[in-house]
Each structure stands twice: as C-alpha cells, then as structure tokens.
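To keep things simple, chains are lettered A, B, C and D as they appear, and every chain counts its residues starting from 1.
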Amino acid sequence: MAGSSFGELFRVSTFGESHGAALGAVVDGCPPGLALCEADIQQALDRRRPGNNRYTTARREPDQVEILSGVFEGKTTGTPIGLLIRNTDQRSQDYSQIKDAFRPGHADYTYQHKYGFRDYRGGGRSSARETAMRVAAGAIAAKLLAQQGIEIRAGLTQMGDIKAQQLDWTTVNDNDFFCPDATVVSDFEQLIRRLRKEGDSIGAKIHLQATGLPPGWGEPVFDRLDADLAKALMSINAAKAVAIGDGFAVVAQRGSEHRDEMTPEGFCSNHAGGVLGGISTGQTLTADVAFKPTSSISVSGKTIDRFGQPQAIITKGRHDPCVGIRAVPIVEAMTALVLVDHWLRHRAQNADVSVDTPVI
Amino acid sequence: MAGSSFGELFRVSTFGESHGAALGAVVDGCPPGLALCEADIQQALDRRRPGNNRYTTARREPDQVEILSGVFEGKTTGTPIGLLIRNTDQRSQDYSQIKDAFRPGHADYTYQHKYGFRDYRGGGRSSARETAMRVAAGAIAAKLLAQQGIEIRAGLTQMGDIKAQQLDWTTVNDNDFFCPDATVVSDFEQLIRRLRKEGDSIGAKIHLQATGLPPGWGEPVFDRLDADLAKALMSINAAKAVAIGDGFAVVAQRGSEHRDEMTPEGFCSNHAGGVLGGISTGQTLTADVAFKPTSSISVSGKTIDRFGQPQAIITKGRHDPCVGIRAVPIVEAMTALVLVDHWLRHRAQNADVSVDTPVI
Amino acid sequence: MAGSSFGELFRVSTFGESHGAALGAVVDGCPPGLALCEADIQQALDRRRPGNNRYTTARREPDQVEILSGVFEGKTTGTPIGLLIRNTDQRSQDYSQIKDAFRPGHADYTYQHKYGFRDYRGGGRSSARETAMRVAAGAIAAKLLAQQGIEIRAGLTQMGDIKAQQLDWTTVNDNDFFCPDATVVSDFEQLIRRLRKEGDSIGAKIHLQATGLPPGWGEPVFDRLDADLAKALMSINAAKAVAIGDGFAVVAQRGSEHRDEMTPEGFCSNHAGGVLGGISTGQTLTADVAFKPTSSISVSGKTIDRFGQPQAIITKGRHDPCVGIRAVPIVEAMTALVLVDHWLRHRAQNADVSVDTPVI
Amino acid sequence: MAGSSFGELFRVSTFGESHGAALGAVVDGCPPGLALCEADIQQALDRRRPGNNRYTTARREPDQVEILSGVFEGKTTGTPIGLLIRNTDQRSQDYSQIKDAFRPGHADYTYQHKYGFRDYRGGGRSSARETAMRVAAGAIAAKLLAQQGIEIRAGLTQMGDIKAQQLDWTTVNDNDFFCPDATVVSDFEQLIRRLRKEGDSIGAKIHLQATGLPPGWGEPVFDRLDADLAKALMSINAAKAVAIGDGFAVVAQRGSEHRDEMTPEGFCSNHAGGVLGGISTGQTLTADVAFKPTSSISVSGKTIDRFGQPQAIITKGRHDPCVGIRAVPIVEAMTALVLVDHWLRHRAQNADVSVDTPVI
C-alpha cells in the first residue's frame, strides 16, 4: 500500500535507492517448476543497463543479479524468489548543489513535501535505477509467458519529430535505439549528438505489442487488462501518456470505422488494440507510451532551495539525453508483469471454462 | 481480485448488470463524521443519468439511490456505506439477435471466452450502466475532498474534429455536452444530429483538472498518483488513452522546455500536469482521456455468432451517438476516488511530516 | 482495508447495521457456471436466524435474501453477486438508556473511541446481525466446495461445564443446540432455562470438521490455511480462542506422541488437525472455537456513560442466553470462505502440479 | 497472495530458505523520520537466534542483518527498507534420508503435494529459519510502537506439565527460557535435559501482553485486532492454538462474571484481554499461544517416501527440544507487526476523531 509492490497473484515488491547499498526484489507467486537461472534474468538486465549503449548514460554498473531464494536444482519452487543487485558505481560525488535545491522536473520537491526529508543522492528512490528490478522480475514473467506462446516486444518509434515509418521487429535489436525502423536510425543518432552538444534532452514514444494472447484474459470493471496496463506503463519513470490500440485517434473516428468487424476467418481490423471490455480478444495487444525528455540537462534552470531561496541549477554528469531509449526493456517488463498476473487470475477463476465458440 | 473493487483505503466494490435487478456498491473506509444524505449522491447521478440530456440515450432510468448503511443521524459512521439503485427500465426486449451473435466493438466475444457463458441482456456487467455506482461513490469522495479545498472538474473538449478552443469552467454545466467552450456547442449539436441521421457515432476527448491539491500526495514507484489515475480513467467503458499534463506532446519537447522551473513565487509552468515522480506538486492536476465512438450503431456490421457462423448486426434502440458526453461525470468520479484514496494513504504514513520548506 | 472484506480471490464485502435499512454483501470472484438460486442461500440463513429456535433470541426476522446480480438463467456468471436482506423488525425501541452509556462487554466503548460517535441502535455495525451476510456468502462457498467433495460441519460441544461426549453428526441438526451428542441435550435445555430465570448467560465451545480436502491447499509462511482459519473464526462476534487439531493440549505432549506417523495405508493419527506447515494434509481439518457468554443480560452491571458518569445498566429485551448456539452456522460459513479462497489460490499457482507421490 | 507478505499499511514481504543463500525482507510503509540502524534490529535477532541459548539448537548462525535501503543519515526515508541476512552455516549435510522420505510432523508431505517438488534441505521455506525476518521486521515495528508508549512482552509460561505461577516481567530475560517465573526455571532445565537424553521433545505455552495501547485501534467485522493477532500468531511455525484474554475459559463463564464492568476509575477486570468488538479498549492486550513439540526428534518414527514405500526416520542433528522457547521473540515480533499496522490504519481513517468521553 506504500507503493512499491505490483501485481495481485504474481506480486513483485522492490526496494533500493540510486546510491544505496543495493537494489532488490521479492517475486511472490511464481508457479513451481519453471526452469530459471541467473543468466535468464541477466540477459534482460543487460539490455537495459547504463553503459551498454553509446546513446545512453555513461554510468557504469555491471548490474549483476543474484537469485537468493525460490529456485532449487534449477527450477522455481513456488516460494518467493529473492533478487539482489549490489550498487557498485557509487562515486563519492559532490551533492552540495542538490542537497538543498530542488532540480526542476525531478521528484526532489515532491519527495521533500511527502516525507519531510529525502535521500538526495542521485534522486534516491525516485531514480530510474529502481527500474532494474522491474526488468529482473519481468524476465521471470516473460519466461512464463513464452511457455504459453506469448511474446512481448517494444520499440522506439519516435524521438522528437523523427518518426519510425515501419515496424520491422527483426531489426529492433540491431541498433542502439531499439528502433524497429532501420531507416531512421541515423537521424536519431544525429539528433542525440546535437542534443549532447547543446546539453539538452528530448522526449520519445515507444510502441508495444504482445502476440499469442488467448481471448478471455482480464477482469471486468476496474481491473481491466488495458487499465492495469495503463497503470503499469504510466508508473515507469518519465511516462506521461498511454494509449491502447488507436489511442487518441479514436476521438475523430466514427463507430462504423472503429468497431472491429468479425468474420469466420477472424477480426477484420484491430483498432481496439486487442482488448474489448477490458478482456483480451486474442488479437495482438498494442499500446503506445510517451516519455518526457530527461530533466537532468546542462542548460541552466531556475529553481528554489528548501529554504525558499532562488537558485540556478545545472545537472552535470552521466545522463541520457533521451530516457525513452532505455525505457524500451522496462515497457516490455511491465507488460510481462501485467500479463502474467492476469494469466494466474484467469486460472484461478475460469479454470473450468470451456467455450462452445470456435476459436477464430 | 476479480476486478470489481477499486481503492486501497477508500475501497469501492460494485455489483450489478445492465438489465438485472439492481446496481449496488459498498464503500468501505469513509472516515466518520462526514455529513451525507441521499441528495448529495443523487445530484451527481442526475448529471450522468440517461434520459437527462437531449444528446444522449433516451433510456429512462430514475437512478434513485438509496443509502442502506454507514450513515447515522446524517453523518457517516466510519462503517461501510451500502448504496443501491433498482433497475426500473427493464423493457422486455427481444434479445434473439444478440443472444448468440457477438456485437462488434462490444465485450460480447471476450465475455463469452472468459466465462464460457454470458448475460446477453444489454451487455450485462460490461454495460456502461455499471458506471452509475462509480458516480455514486465518487460523490462521497468528492464531498470529502471539497472539505480539503480540492475541486475536480472535467469537460468535453473534442468531438470528432471539433475542438474546444478555451476552458471556461463557468459555462461547462450550461450545455448538454459538458463543454467548457460555449462557442463550439452548436457545432457539437449539428454533428450529433448528422450522426443520428446516419445511424453512426463519434469519439470524444475529455479534459480533467483538479485544483487545491497539496504537494506530497501519491506513492513512489508503482502506486504513483498519475499511474493510479491512468488506471482509474482507462477503466471507464470506451476509454482508449490517458495523458497527464502535456501527454503525447512531450515526445517532441526538449528538456529545457518541458521541465517546469521554479521561483520563490512558484512554478513557472505546468507541463508536468501537477505530478512529479508520481507525487503531487501542488499545481493543478491535468489530464486528458480519449473515448472511442460507441459500437452500438444502426449501420450494419459483420460479425459471427458463437457457433462461428457469419452474421450481419444492427444495434437498434436507445444509444448515445457519443459516449464521451456522459463520461464526463464518470471521469470526475474516478478522479475523486483516486485522490481520496491517496489522501488517506498520506494520512496513514506521513501524518507527522512537517516540511521546512515554505509552501510556494 | 477498513475491515469489512474477507478473502483474496473469493472476496466478500459486507455492509449493514443491526437496525439500519438492510444488510448486504458483494461476493466477487465466484467462478462462472455454478447453479445458484435464492433457496440455496435461504436454507443456510434459516439455520442461523433468530426466532427459528426456542433457545435463542425471540427477535423475529424473516431474513429473506435477494440475489441482485451475478446470476443469469440459474447460473453464476463470474461477475459479482450482490446479496440483500432488508431489516424488517426495527421496533421503535427506547434507546435512551444506551444512547450515552457503554454496555459492559459490548463494543459501545471501543466504537465511541474509534469513530468519535456511534450508531447506538442495537449495537449498530458491531451487532451479530452482521453475521447473516457471512452465512449467505458462506452458502455459496459451501456449494462450490461440495462439488469438490468437501463437506464442512460444526457442532456445539460444550456449554458451561456440560460437555458432549461424542461426535455423532447424524443427530447434530435434530436438536436446537446443533449438538452432536443427543445425550447432553436435556442438560443444555435445563441450563438455558436456569439462565433465563436468573437473567444470566453462558459461554460455549464449537467443534469444527472439514472432510474431503485434498492435500496441498494453503500458502506457506503467513497465509497458512490454519492461520487464515484462525483469523476467520476469531473474527466472529464473541469468539475468544481458536485451536487447530489438538490445540492447547499440545503444550503437554511429547514430539513422539504428537507427530502423526505415516504408513502406506495413510496417517496413523491426526493430532495436527489436517494441516502441516500451513498446508492441508488431506486428513480431516479439525478446530475448536470458544465463545464468550453474551453480555446482554438482565443482571445489573456497573458502567459509565460518555461523560464519564457512573451508571447501572440492565439489558432488556430479546437476547440469546448463549450466543454460541447460533454461532454454529457462522463457524461453518467462515470455514467455507477460507477453504474456497485457498482452492482458488491453489488453482492459480499450482494448476499444473502433478505429484509423483501415490495419494495415501 | 502467495502467502509471504503480512500487513496492509506496514507491509512485510519475506523470502529465503533454511539452506539457501540468504534470508531477506522488504518492509514497505514505515513512516519517515524513525531513527534506525542495524544494531536496533540485531538486538532483536540476537534474542531469537540459534546457538545463543543453552537450551535451544546448537546451529551456529551469526544472523548478521544488513539494511540495504530505506534509511538515510540514520533515519527512515519512508521508502521500502530492504533487509538481508546471509546464511553462513550451510553444512554440506547428507540429505539422502530425507530427500525422498516425508518427516512425520513436518511440512515435507504437504509441500510435495502443493508444489509437486520441494527444496528438501532443512525444510526449505517451511523451516523456522524464515522467522528471523519476522523478528527483524518486528524490531522496526516495535521501535515505532515504543514511541507511542506501547510495550510488548512475551514469556514461556508452560512447558509440558510445568506451569509458571507468576508473571514477573523483570526476570523474563534473566533465564534461557524467557520464563517470567524464576521459580520454575530449574524444573524447565531438568525437563529439557531429560528430553535430550530420550531424544524427544515437548510442547509449550507462551503468554503475551501489550501495554500502552490507546482505545480505538482495530477494524470492525473481519479485520478485528484480535482476529489479525490470531492469524499472526497462528502463522508462526508449530503454533496450534491462540487465546485472547480468558480464552477457552470463557466457555464455562457466566455473562455476569465475564463482562468487564466499568467505573469512572476504569475497567474493574480484564477478562476480554483488552479487545471489545475487535477494537482495543485501552487495557492491557493479553493472549496465549500453544506450540507443539518439535517433530525433529531422534526417536524413530514411521513414514513413507514419495514412492509410497514405508520408511523409518530419525532426525539427527541440531534441533530444539522445545521450539516454544525460541518462539518468544517471534510472538513479540508478530504482535508488533499487527499493532503497527492497525496504528497506521487508525491514522488513515480516524485522524480527525475527537472523542467527548473522558479517557478512563
């Protein structure tokens, strides 16, 4: 209830600050018998980690994950899986500038008001470093889903005004931007170089797809599959908007255009993005997420300190010009957490369901 | 966990189908001592209810709410508040067409797959009729928030291609569209008339604001104020996208433009929409929601029945050409539920917090 | 979180006060396809209801339950089941004596301190009348369990110093005490008559059994089957102690005596009461619950009023001399709620488990 | 929902197996500003830990706790507190005997059935070693409660047939049994010596008190203070019964005897054990818990293996003849977790309550 847990039946509870001793998580509710080792998780962490990519922050963290419990003889036991990553790159930095001043666009001001006091080292708990544990837990979820034939993939489809024109998933891991359109990669590179020179940053959009979902997952009313996904994605640092299927474009659509008609061969279109009434249709689940430009830039900005005095602030050091890039594996991880939770819920309540309808 | 409850500390659990005996809710966690009577709730319900508006469905439901418990001598007791609305307008309709066929764009197909069987009368639990109880519970939440100086307001800002050009909240209740721009109302009217003639429907966008929030509400990491709001709004029938603050526009913004700078006089802008790191800044909370066009239209559509046979379907009868209109009070209600829940969470954990910072 | 909900996957949320308009419940998470009608629930309510038994209170409540949602064409739909009982016997009583004074042994004093103000009519929410809804929801749970071959039964095994000497379940419904030993019934009758004359009351013990449980239900660590059962039973009005299996007798037992040895033919004994490590063994689940004597007696008692002034109080009117009698169906209902919840949890996480062990 | 979390607002999630790499916990919901260091927690762990006591197991574990997050500059930040204890004493034992055979009285058989497979090393997750994390989290809770003037203490009041005759809390930490009656300590010592020689074990009873509670904590209906306490205590390894106040003795009491009368000077007695209607009265909270004799004994016992074959089993090695002794700090810890959770709930919903009643 204090915000650091996610999921009902596949429940992830995380802890750890940017510059504290370690990051960790407890994953409770993983079914027994899943083959799992540290390499399964490490692979996902390596996609996300800083220092692995020319176009993201230069902070060097090996992000070496350790499984502390819940796995025996190479298989999950059904009991909680404890995960740990030690923080190693805790440079004894000079925090005198940000100790009392609130960095604009950051959570410094709000944490100060919420808690009356804050861990100012690198943003403490509000740092995106926390998302490493989402990726670690998400890797377990993704492995469970893969066994059900479900695949999740995300890609950077817009940065600033530059938009991907196609979704070619075969190339998404071949470039440093997780971009599914190889033709815009050089434009992205130029933009990042320009921003670095100017000390500025840029927003981004990520497109998400999940294939292989059966129809019938999701709960009605509040815990809809799309509502839970919206929460999951909006909970990622810097996320500002979430769209399912056609998203905001539906505002200008007619009902005769939007509703996805059906024939015995299947749905004729997928404006809905794979969800109707909060429950999966069996079509591809599609969503988009907007990420704001990082607020840690070297352009001087006006702010105040906690005594109400005006300050000018420049964020020095290791920061991504576009946080959206590294958000790609996090979007995938959060989606995996939502889907695996609804899979387990489905098993609980609808285990005996047999539908007379031919699957289309 | 089966999806019909919302909130952690101010918890609303609803029940009821479109054409069942009644709709109801339990509101558990309302603090004691709030002056509350049925008229407080009825007022909110009357804003939402069908038949109250020339531009929405003609279904006539008095939606008369009854408080069954939790209020004694005009004040809440702190124990659960039971709410009930009897369904009165259950015309003995002919369901033979939709009994077996799945209406395109509706939850018929997904409910059939989830549960193996469904209440086909008017969509059963998937009907927007369920939202009456959200509005009823939201009215209690809004009254609690008003005592804290918090006001929530929403308005229809776009329908099809027609956009409101201003936010004039003084006029929002003077037209049948809850539109905060009186100058576009006649365009809205014309559009609805045209759609009625064509038997078609249209999408819409709603803008939301909450004023008076203190800084410091919201939880870090998963249960962020904006993440919980995204879930709440996306859980409304027909919602397809949620944006906080500048929303998708952040994709093309620079960090130097987006971050809201501060001076001793306060924030210089509000691109963030009143939330940083998932916690309220004390600025106005702003959001937008997209609603798809209703799928119940009289333009014939292709579908299948539960035996996999092709069917053509026309939805006859009482339906809104634009579900977004009636969604306005629901957006307000869900926002109230999110805010009151975070208010109580804040009291639980941060009751003793005193901040040395001058409030700006 | 405000205390009026029970269960994780089969979740019951109740509302209603002793002398309010109605009692109600929402049951969310019932699997679809269960044949259910009002008579199924009414049968259980009739066992519990006041006025149905010569040895319990004379308050006359028909306790007529209405199913408001979640059932269609005689089967559960998987969506929330709304239940309602109107209060009919709200005699316009004289509350002047208890309006300000705290009845000793009742929750008057504690509710006043918790909420600052209370519904004093018949104890309000603290009245045992609330348990009608537990019995109603429990009837649904029991029907689901019966389909799994699980049967729950409870009986009054001690009242004052009079103890049942045998557990003959065939006779438990043949007497007004739900006593599984017909030979002590006349002693119980005499005791109740004597207490009525003296205006006093007496405590009681209930024994509980559940048969047909498979091995493997229950969660490790906190949400053990026996821990959840302890909470469920202790949450019943007037309950003061809960024992599993041999209960407090284990204090004087040796390990060589207590541990239940096993042979290929099965367990050699059942000191554990059917639970090891919080998980069912497949043996009969056994438990005992102690109920305090009712505090509503006509023997004058010392108390204070809310102004701190001394008062003498006599409870007049319709009250059970032994609340334990009517607690029997409530004990059964709470047990059913615990078991059905763990059944669903088991399905969620261990659906694929196949055990190499021969079932013994 | 998979059982390894406890509490709603002060939420503890634990992980770790007896012979795995480590034990850990996440404590989410601790208010900010509490002075906290590892020594605060270590002190509590040292009371519980094996090898610290002549009369408990000889397993040597330093149980050195590390705080990984949530504390900055010596104070809690309000964000999750990560706790870790590395397992050091993982002797490469011979598990061939228990790998396939189910130790009678242990959870081997039930875990096998629940999960289809189990970590057989020292009981895995079902080992009492898991309780170290309860004690660690409980130490944080106890520190918060101490600031509210609440003190929790428990003592061993019965072992086999030997009963403590008095509650002298000044001596409870002066003997290895946490016994509040110094006069029976030598009898306890003799009994343990005799059991060691015989290779057998014995049950025990623990008495619990919490003083300083204000009236008004606890929720009505299901989440009663005593119901939550019953669950908390019954969830401790080997617990078989929980009694509040007079416990099972109420069965033979009259109402005129049991109800605690009140005068302007306060309550005249405390048969209720400090709880009425599930809410604290302000009197001392009292409870008793029964612990079964440990099942790990060197008296040979009959069992089967997972192929259904009969086996004889003797548990060798390091085991407590009376698990009840080491359960004392665990009983205190679980009580602290329950009370701190209800304190936070109280703050959430009843923060504004002012009672007109003079506190008595």
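Following the convention adopted for this analysis, contacts are C-beta pairs under 8 Å (C-beta built on N, C-alpha and C of every residue); 3 or more make two chains touch, one makes a residue touch a chain.
In this text the structure is predicted, and so the values were computed from the model without any measurement.
A.B. asks: Give the fewest steps needed to get from chain B to chain D, where each step moves from one chain to a chain it touches.
C.D. replies: 1
A.B. asks: Which chain has its C-alpha centroid farthest away from the centroid of chain D?
C.D. replies: Between chain D and every other chain, the largest centroid distance is to B.
A.B. asks: When the contacting C-beta pairs are counted for C-D and for A-D, which pair yields the higher total?
C.D. replies: C-D is joined by more C-beta pairs in contact.
A.B. asks: Starting from the mean Cα coordinates of chain A and chain C, work out the distance between those two points in Å.
C.D. replies: Taking the average C-alpha coordinate of chain A and of chain C, the gap between them is 45 Å.
A.B. asks: Using the average of all C-alpha atoms in each chain as its centre, how far is it in Å between chain C and chain D?
C.D. replies: The answer is 26 Å.
A.B. asks: Report, in whole Å, the distance between the mean C-alpha point of chain A and the mean C-alpha point of chain D.
C.D. replies: The answer is 38 Å.
A.B. asks: Show the residues in chain C shared as contacts by 2 or more other chains, in ascending order.
C.D. replies: Expected reply: 1-5, 8-9, 14, 29, 32-33, 78-79, 114-116, 125, 220, 345, 348-350, 353.
A.B. asks: Spell out the residues on chain B that touch chain C in their complex, using ranges where they run on.
C.D. replies: Answer in residue numbers: 1-5, 8-9, 11, 13-17, 20-26, 28-29, 32-33, 66-70, 72, 75, 77-82, 84, 114-119, 121, 124-125.
A.B. asks: For the complex, give me every residue of chain A touching chain B.
C.D. replies: Touching chain B: residues 1-6, 8-9, 14, 102, 104-107, 109-116, 125-126, 130, 158-161, 195, 200-205, 214-224, 226-235, 237, 240-264, 268, 271-273, 275-282, 288, 290-297, 299, 301-304, 306-310, 345-346, 348-350, 353-358, 360 of chain A.
A.B. asks: Which chain A residues qualify as touching chain C in the complex?
C.D. replies: My answer: residues 1, 8-9, 29, 31-33, 78-79, 220, 344-345, 347-353.
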